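Listed below are the structures to be examined.
Shared chain: subunit A. Partners: subunit B in the first complex, subunit C in the second.
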Partner chain A sequence: MSKRVLAVDDDPDIIMFVKTVLEENGYIPLIARNGETGLSIARDEGPDLIILDVLMPKQSGIRMYRELKSDETLKGVPVIILSGIARRTFLRSQEALTEFGDQPVPEPELYMEKPVEPAELAEAVKDLIDRS
Partner chain B sequence: MVVALALWDNIMDMNKILLIDDEEDSLDILSLSLKSEGYDVIAAASGEEGLDAFERESPPIVLTDLNMPGMDGIDVLKRVKNSNPDTEVIVITGHGDMDSAIDALRYGASDFINKPVREEALQLALKRAKEKLVIGEKLRAYTTDLENMCHIAIGEIKRKSDFQDKLITSSNDGIVATDENGRIIIFNPGAEAIFGVPRIEVVRKLDFTQLFPPEIAEVFSLMFSRGRDMRDVGWKDVMIHGRGGDDVPARFSGTLLHDSEDIIGSVGFFQDLREIKRLEGELVKSERLAAIGQTVARLAHYIKNILAGLKGGTYVVNIGLDKNDTDKLRTGWHMVERNVGRISYLVADLLAYSRERDPEYRNCLPNDIVEDVCELLDGMAMENQIKVERDFDPSIKEVSMDPDMVHRVLLNLVSNAVDACISDFDEKKQHNVRVGARLEDDNVIRFEVADNGCGMNEKVKSKIFSAFFSTKGGRGTGLGLLVVQKLVQEQNGSIEILSEPGEGSVFIVRLPYEKVE
Partner chain C sequence: MKNKKLLFVTQFEELWFDALRSLMDLRKTGFNHVVFLHVIERDKVAMHRGKGYLKDEEIKLREMANVRFIDWAESLFEQGMEVGAYIVVGNPLPKIISTAAEEDVDLIVTGRHKRGKFEELYGGSETLEILERTSTPVLVYKYMLPSGKVNEKPFERPLLTMDWSPASEKAADYLLSFKDILKKVIVIHVIGEKEFKSTSAMEIQAIRKENRQKLERVCSAFEKEGIEAEPHLYVGGTFEQIEKAASEREASMIVAGTTGKSPLKEIFLGSVAKKLTKHSMLPSLLVPASVKL
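For the complex of A and B:
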């Protein structure tokens, strides 16, 4: 049975791109346009992998990532952060939240900076799903 | 205290009297009489003996007969006065010998009494002598006191003057003082550094008109001629053309020095601004670099997003071509087009933001401009089930405005309104954007862009005109409203914002126009 991958991004072009890459490589894409919807889809559907943007209106990727990694049933789902912001900026923001009293969360399984090559993304998705 | 005690000692001693008379009877009687009055009497039978006793005992009062063989009374008087001028000498003259008495007074006798000596006359003379002694003693004490105080005061003045000298010498500021004629009399090392001239070439050689920059010299001359009406010049930035050819920026203040009404000189203070200017320059440079760094980082991020969109689009187009899938082709091509559009907007915003541009007034139809903006955004709005409603006042005719600016302003506002609706996830709402144009009095058109999207909280509202602030994640440049504000200001218009989180926002822009003849 095909694996399901949840893509969360507010940019319709990125969503279309990721959706096409996933379809072309035989996965079933699930789509969310913000962190809030993303989280509820993740809880309802239990995807095999999540591709997450960082800067989004409403609930941001930073917050959603913490929720995912603190959720007993979801924390095992591998996450690819796909963002325009640099990896260390994202990690620093996570550290800052930890310093403000949140539980520490592990680093994401993979961090990819936009723009990303389709083949690169497809390979990363395959790798992570095969590994889990 | 010491002075007072010394005085007291002398008063105690004042009872000591040297009595000189060659007539033995007279000497005895007077001696007895004085002793009975409580005096400590030293009796001497001749001038010579008397002087010896005087040197030995230093009595404050001497009572001497004038007419004596050998050393007479006048000699005694002279020598006593020579030895101690403070001694009170009373002379005893023969009856009717007024000439000798006058002589004696001339040589410093304090009094004279006639022979035969009457008790009352003697007592009176002694009393006066003692009073004079006391006064003399007091005077001496006061004089000593005064001298001491004078000494202390001079010391203090010297200390203060030394201190002020050091102060002037070690001041970093240039201090230039002149006398009442404008001749320079003080020129400290700070001034040497600023003017690039050694002190020795200036002090008592130049007057201020030969040294100060012309604008300062002029004000100073005016101060000198006007006197009391104009006494000082506040801080003023000037450029000093130094002797070495350097231009030294300095801050100047100056004042006339007065002694009550008279001008006694002037002083000018020059603050060397070279270091301050250098630091200011460095600060401006580093702030500029920081701002550029921030701008570049933010832009790079935004461009990366556009690039991602373009890459995604070409990828989808390629898939469509490979599979002959027209749907994919159309979708991919649409992505490419949209991102090309984003780059165009970005470039236009950047140019509008960075360029100084005067409005270019042309005849135009405002309603057509607004309609054009709405049509540009209809597509995106429809894709997201958002209605763009038009509400244009048909009485708006052709006017003279800057149509390009109006277009940019409204395009930014309407596309923000559409974004606000897209960002609102309230499923129950029918999202719409209302774009209005109305004529107002005083040749003003009121444009209104209202949406019922996500709205803004106070925090967001306070930041919307900050560069690179965006709530749109990767899709906003953070320049749009900044550009709107800049353009509206350039056209002497105004902007008003109403917004409630969850309710929506209203942007009202008022722009003046010229009537078309």
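For the complex of A and C:
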């Protein structure tokens, strides 16, 4: 059975790019345009992998990632952060939220800064799904 | 009341990151989420004869805004803040209103847009229309220092102008929700010259006494929260006296309630809110009477 990958990004061009890569490699894409909807789909559908942007309306990828990794049923789902926001910023922001009293969360399984090549993304998705 | 989310509207001509940074004191009052909005005005990418819709221009403008927002967002994320961004094509006013509703923001921050001579006639009406169509307060930000820099602490010494309308009472209550960053509040009421129509000195003194007592009541509410407050009465044209008071008392911002009259009425009546938006050198925090406290 095909694995399902949730892509969360507000940029329609990126969504189209990720969707195409996923479909061409035999995965079923699930799409969300912000962290709030993304989290809701993740809870309802239980995807095998999540590709997550950071800077988005409604709820950022930083908060959505934190919610995912604090959720007993979702924390094992591998996450690829695919964003224009630097990895260093992502990690610092998570540290800052932990300092403010939230629970610490692990680093994402993979961090990719935009833009990425289709083959690079396809390989990363395959690698993480095979490992999980 | 909930004070969490701020909508920062920028066309990059009038509001930059230093303006946003000067508002970071708002974190002490509960704000922890900034939503950026940049509207690419439709006529910049609209259909042009022989060229059609300028898709390449739209992409260029979007990416330019995106580069700036990513840079700003990184600074805020690293402080543990939540950040979102919208880059949209359209007319600014409806986009500001729809984004404020979509994100359910608690404060809208805009700059004063530079306008041509024709549009100048309506300057300030845009802000008033936002206030009429939402119950969200609007902070009209200004670069008022001669150096071109922003005041680093706009909420430190606000001047609260009271006309004893329900809207101004709401503005006073709203300002109190920023108690953690207020140092001193200057509370003023402007008595119009027509109120001096009586020739009786006793009656004039009674007007002065009544207004003074009302000012002291407002000041007491701030003092109870440990904020220094001073009452002042001014006489004359409302907008001119507010400006005079702000200058004399070294205010960092002007706070006023707005009644939510239609913009057309405002143009003809020349409301104080409109004049503050258009002419004041100081940032103006305009609070609609319908604000939820």
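Convention: the second predicted complex is superposed on the first by the 132 of 132 C-alpha atoms of A that agree within 3 Å, B and C clash if a C-alpha of one lies under 4 Å from a C-alpha of the other, contacts with A are read in each partner's own complex, and residues count from 1 in each chain.
Here is the rule we go by: contacts are C-beta pairs under 8 Å (C-beta built on N, C-alpha and C of every residue); 3 or more make two chains touch, one makes a residue touch a chain.
Computed from a predicted model, the values in this text were never measured in an experiment.
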*First (subunit B), second (subunit C), both or neither touched by A:Phe90*: second
*In the superposed arrangement, does A:Met56 touch subunit B (first), subunit C (second), both or neither?*
both
*So, A:Ser70: does it touch subunit B (first), subunit C (second), both, or neither?*
neither
*When the two structures are overlaid on chain A, which partner does A:Phe100 contact: first (subunit B), second (subunit C), both, or neither?*
second
*Which touches a greater number of subunit A residues, subunit B or subunit C?*
B
*Classify the contacts of A:Phe17 with the two partner chains as first (subunit B alone), second (subunit C alone), both, or neither.*
first
_Touching partner for A:Ser2 - first (subunit B), second (subunit C), both, neither_ = neither
*Return first, second, both or neither, reflecting whether A:Ser132 touches subunit B, subunit C, both chains, or no partner chain.*
neither
*asked:* Under the stated touch criterion, which partner chain does A:Pro118 make contact with: subunit B (first), subunit C (second), both, or neither?
replied: first
_Shared subunit A contacts, counted only where both subunit B and subunit C touch the same residue_ = 34, 55-58, 60, 84-85
*Mind listing the subunit C positions that touch subunit A in their complex?*
35, 66, 69-70, 73-74, 77-80, 82-86, 102-103
_Touching residues on subunit A, where the partner in the complex is subunit B_ = 10-11, 13-14, 16-18, 20-21, 24, 34, 36-37, 53, 55-58, 60, 83-85, 113-118
*asked:* With touch defined as at the start, can you tell me which subunit A residues reach subunit C in the complex?
replied: 34, 54-60, 62-63, 84-86, 89-90, 92-93, 96-97, 99-100
*subunit A touches which residues of subunit B in the complex?*
301-302, 304-305, 307-313, 315-316, 319, 328, 331, 335, 338-339, 423, 425, 454, 471-475
